[in-house]
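Right after this note come the structures.
Paired with chain B in one complex and with chain C in the other, chain A is shared by the two complexes that follow.
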Partner chain A sequence: MNVHATPQMTAAEQALIDTYGQLFSDLPGDTAVVVRRDEAVEALKSGLPTRRVEAWHYTDLRRLLSTVPAFDPLARAKEQPALLSGATVLPVLSGTVTSMPQIEGVAIRRIFDRLSDGSLAAQLFDGDAADAIGAINTAFVGDGYALDIAEGAEIAKPIELQNLHEGGQTHVRFATHAGRNSRATIVERQTGTGEALVSAISHITVEDGAELTWIILQEQPDDATFLGQTNIEIGADAKFTLFFMNAGGKLVRQEVTVNVAGEGSEFILRGVNLLAGGTHCDVTMVLDHAAANTVSTEVIRNVVTDQAKGVFQGQIRVAREAQKTDAKMACNTLLLTDEGEFSAKPELEIFADDVACGHGATVTEIDQGHLFYLMARGIDEKTARGLLVRAFLAEVIEDLENEAMVEALEEKLTAWFATHG
Partner chain B sequence: MLEIKNLHARVAETGTEIIRGLDLTVKAGEVAAIMGPNGSGKSTLSYVLAGRPDYEVTDGDILYDGQSILEMDPAERAAAGVFLAFQYPMEIPGVATMEFLKVAINSQRRARGDAELKIPDLLKKVKEAAGTLEMDMAMLKRPLNVGFSGGEKKRAEILQMMLLEPKLCVLDETDSGLDIDALKIVADGVNALRSPERAMVVITHYQRLLDYIVPDTVHVLSRGRVVKSGDKGLALELEKNGYAGVVGEAA
Partner chain C sequence: MPAVQETIEQVRNIDVDQYKYGFETLIETDKAPKGLNEDIIRLISAKKDEPEWMLDWRLEAFRRWQTMSEPSWARVSYPEIDFQDIHYYAAPKSTSGPTSLEEVDPELLRTYEKLGIPLKEQEILAGVRKQGEPSDLDAIEGNGGRRVAVDAVFDSVSVVTTFKKELAAAGVIFCSISEAIREHPDLVRKYLGTVVPTSDNYYATLNTAVFTDGSFVYVPKGVRCPMELSTYFRINEKNTGQFERTLIIAEEGAYVSYLEGCTAPQRDENQLHAAVVELIALDDAEIKYSTVQNWYPGDKDGKGGIYNFVTKRGDCRGKNSKISWTQVETGSAITWKYPSCILRGDNSQGEFYSIAVSNGHQQIDSGTKMLHLGKNTVSRIISKGISAGRSNNTYRGQVSVHRKATNARNFTNCDSLLIGNDCGAHTVPYIEAKNATAKLEHEATTSKISEDQLFYVMQRGIPEEEAIALIVNGFVKEVIQELPMEFAVEAQKLIGISLEGSVG
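Here is the complex of A and B:
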């Protein structure tokens, strides 16, 4: 390994490469995995992406990721109560799986083991220069969960994946395979305390006829960087719903890559970005409709206060054979301060001729008339603004159609607004 | 209870003066009708009383129970007992009507140091008031005023007034958009709230409402000032001769 600094390297780049030099002998993986790790580090050596890389145009990672905290081998985060009571919690605490609960109909393995036996190698970094998250995660990933939901299984209780830290670095993966005609709800929690660099990558395969709901709740502390990536492959007549709520973090990049590969399937994306303080939060989605008769709807709602900055890049590509695709994307922002910012970049690339595709983006402020009306009934300004912010988001959260989940997320929203409103 | 002294108010954004030296006194127990041609400043007066930030008071004062309320924000005024039934109630998508009622009632109770109302008690009160106004409870499951007809919106305003039990009620053209049956129902609701401790300012363009809510005093507004005051006979006179005489006389 060449671990000498090239003069142009940033402190963060140098730290990543040095850390790999120190840690690589302790990381799990067979030869195939080690090859991928080395390739990933080589890619990091040529530098983190800047705004000149199109996919990172609004998030200059090289500039924004200014420092990288050291791994903290002594950190041991504690398991959190589940978002929904009754959920089965699968905790990754400070980067390590600490318990292996049994769930009927789901085969659960540690990512640690799947790295050791090399069966996860195909999901690791594959040389795409823009895939900085893949590269960082591949270099360091140590653990996480791989779930295999059996064909036809209906998992009644939600499964909650917790990735928790107490500072330092954690790099985890959640690989999920939902067998034919299976049903499940999975919650992914991303939170912790202290300065941290967290990366989390999920590869999700939804087989024919399966219905999977996946909820990401990201509540990193103010001094943490969160790099998330969710890669989804959807089979025929299947349905995948992805809901995310970003409510924290200093630098957040969340990549969603979807391949609607089977005929008659549906993809639903609902996202809420609650951005405060100095947060920079970038959600970048690339959605491929590759088969005929597929439907997708994407609705992103953003609330921006303080000097926070948000980005949504949404690219929908409809292949020539994907006739009768119905794809609709909307990104709506409520700006609470003049200093806040949100950039939306929707993009449609359509090669089929018989499709219904559309997108829209809006930026609004709190309606002063509405605010006056509520206050004229004795509701103090902060509470009234809170009601209007909730009203702005209500539609998206209610689309979850799960009352307990809606309530739990509304509580998160109320808590966020109490601190940042 | 309400003393408006030489009030001058203008549109904050443009500086256009709309209320131009308005004087009005309304005693506890009194029902004062404000009449006046379109554009005379009736709604503006109601907004200035409620504290709408789009308007700036540049001179004069508004005393409520002897205290100036100019420095109070709309929520503080409401908690102190000032209520405005809007001429054009706003539709607020995403805010459930019941949730809004609960937050409004309990905000006011908290501000006054009273215990919060529990959901079952609240529901009971709402049902009762809705019954009096012959309103369908199903309507209250919808977002606030969204998709309500003009008449339903006006009833919803009076419903809120009944639930909040204010001390100073300002009703801005509550009669517009109501058919005669609805007008009677709403007037009954308002009349039920008449009491020696409560004052009402009833703004209307037509005399019709005053057949059902009989005022103690009538004041004619023109170009932002009260140009004539009298008893309910004045309203009848206006009905017969129109505003031109009164307004012309004062000008």
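Here is the complex of A and C:
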């Protein structure tokens, strides 16, 4: 939170604290959980972060989160068709788990239960002053899914976690433990209708030799605030692929923290931000290479139109012992309007001397040469521009290689262009 | 890829325990008592024989400074500075401000000779360079070498400025800032504090209150300054801080190249150096500012050394103007410095070329800011950071394109190299675009050479590896070429460093 004393609470800060006072007794949790919830609310009392907090350099949460809608106890969102056909859907509807499908090789529990028995307490807010998302979520989290993938299990069908709302507030968690040498694909959907404050936090542990693909599809309505956080710990010789697409929301902050903790492991991040209207979307990643011989690549592609504001902060930290790290990060942006904005802060913090680390960041308009090439072939300018923007994004999606996945996400791209192109 | 042996040796040659300029000059000094208060500021102002407006400006800054707090965002750490434990004024007794060469204390002349800075015009003209390092330049340029006018600043005062007459004939004013305040008050008043305002930052505000000397350059309309100008800063006294102020104005169509060098004796306590440099380039003017920063870096255990907290900023105020910063940084215990360009005039250009080498326990947090305000503005940033020993070396830079700055272009390249496993290299760029026609490119590895360039070279039959080498060499050469010949000898040690094995 803001380390400086805040003279007066904003309406949003006050609303969060008051709401906690009202809901407190209905929220699940043993003593350990309650202690964490109280600490989180104390942190909120000292104010939401402003730009003075370096991690929030381009997103003044205190100013941007101007209002907080009330919880709507009557809302009950409806399950959506899965993104990938054949997927097992695990829906959280307006903040509550309503069904518990069985998946062979995966032990599934409700977050509600893991809060009640206190086994989730260690994943809750731990006092980090910049962790506003952790604090807000910890104060109010009520449900979600905890998945435990058995050692050696190969889960053939994708698992789809849905966090759906009909306005108001929802605060959920997904906790996933992928056992040694297991394989799985998980899709996380974040969407709904109506003015909302949504927070979602995932803690993901990838044990030695496991391979996990995780796709986050965020399609919040234009009046929703989405605060997402994905925390990943990767063991030895393991591989984790994270893909995200942000295609909605009024205020979006997507935090990704990764600890590549085991030797010989790999982390892949691909992200697409489709920014239109008045959206403010901030993707902030902190990636630690803590062990030797690890590889990571991150490619983020952004399209900014209308008055949208985009932010990418990416920090790669290489510890002294993480020799032979190979880390590459790129953030490319097409800024299509003068009213739009994009800010990037790609950071490297390197303490090992035998590594190959790099980052590249570009902000440009559409390449005039490419445009000319297409138009010279009789394609009109609007279509040519559309093709180029689409190709720019599709390149990143295609890195996923899985045909069904690529197709499904490209359809989402098409749908977005149909309304914003 | 780890650093190659040659590089390791090159860096070793300039390690902290190899510091060559750590000697002290024993000379009688006139010092203000320790401490900082309004009386000390009045004393400094009186010593400089300043007009009332100058004193008022200083006092206003001092009052503001008392309400400010030290910045903490940089990646540097140091014990709290006791600002009351510093002498804010120290001057050799024999010198009462700038004077002619004949009147300068011979001890001071010897000091500058030992540092390799020739102050005697006749010797320079005759090409005699007994004390300086043998210069390769003499061979290139014949017997005469190149002439450089020097302003020598010793602790708080400028002791001598050379070639003043010849420069005056061309219309160029080159003198100490104290002299300029007395002799050219209108010019100083018009421009001083217009690039770095009083309220800018903690150290700049402190500097405004207590600055004691520095250089002033004014190049009139259409004049190309006939020689390189140079200031050599030397901190000598114990427990003093050096707070110099430099102001350079290039009128319409003018050109000037300015060099700056600095050293200090080896001492166990830390000394503060908080300078402010302001550059103003009007229509079609160009200012080239080069620094070889070699303040005492502290010993191998991190004891002593200069805290170099400097605010340098250039304002491309006119159309088609250009400001170029080149820096070679090897000294100081802590460096906190971001030479910047405000690209206000349409078609103006800003450049920043930097080689920063940190050793021992040195901490460097340095970079640049390029603020694109005018149309068709172009900026270029090339930064090479090399960390060794237990040092930390951070590049921190900002490129910002404002809403109305159409067709702004930036290219940034920062490479870092670590030597050994106890140091750190960090890159913190801030890239901000608010205009759709902006074209910003930031890259941080040699492997990220533009594919177009690579393709261009390769399609002419050159194998990939050679093509890359060619492009990289061309790239580094470009930086080296920015260094003025006068600093070649000092800088050569650094230029020789191969950047093979660099990381982003």
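Everything that follows uses one rule, which is that the second predicted complex is superposed on the first by the 396 of 421 C-alpha atoms of A that agree within 3 Å, B and C clash if a C-alpha of one lies under 4 Å from a C-alpha of the other, contacts with A are read in each partner's own complex, and residues count from 1 in each chain.
Everything that follows uses one rule, which is that a contact is a pair of C-beta atoms (placed from the backbone, for glycine too) under 8 Å apart; a residue touches a chain by one contact, two chains touch by 3 or more.
Quantities reported herein were computed from a predicted structural model and do not represent experimental measurements.
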Contacts of A:T414 with chain B and chain C, given as first, second, both or neither: neither
Contact breadth on chain A, by residue count: chain C or chain B: C
Chain B versus chain C as contact partner of A:K345, first or second or both or neither: second
Contacts of A:L387 with chain B and chain C, given as first, second, both or neither: first
Touching partner for A:I379 - first (chain B), second (chain C), both, neither: first
Touched partner set for A:H370, first chain B, second chain C, both or neither: first
Partner chain(s) touched by A:S46 [first = chain B, second = chain C, both, neither]: neither
Those residues of chain A which chain B touches in one complex and chain C touches in the other: none
Footprint of chain C on chain A - complex, ascending: 54, 57, 320, 333, 335-338, 340-365
Residue ranges of chain B in contact with chain A within the complex: 50-54, 73-75, 77-79, 83-84, 86, 89-90, 92-95, 99-100, 103-104, 107-108, 111, 143, 160, 164
Of all residues in chain C, those that touch chain A in their complex: 1-3, 73, 403, 416, 418-445, 447-448, 503-504
Contact footprint of chain B on chain A as seen in their complex: 368-370, 372-381, 383-384, 387-388, 390-395
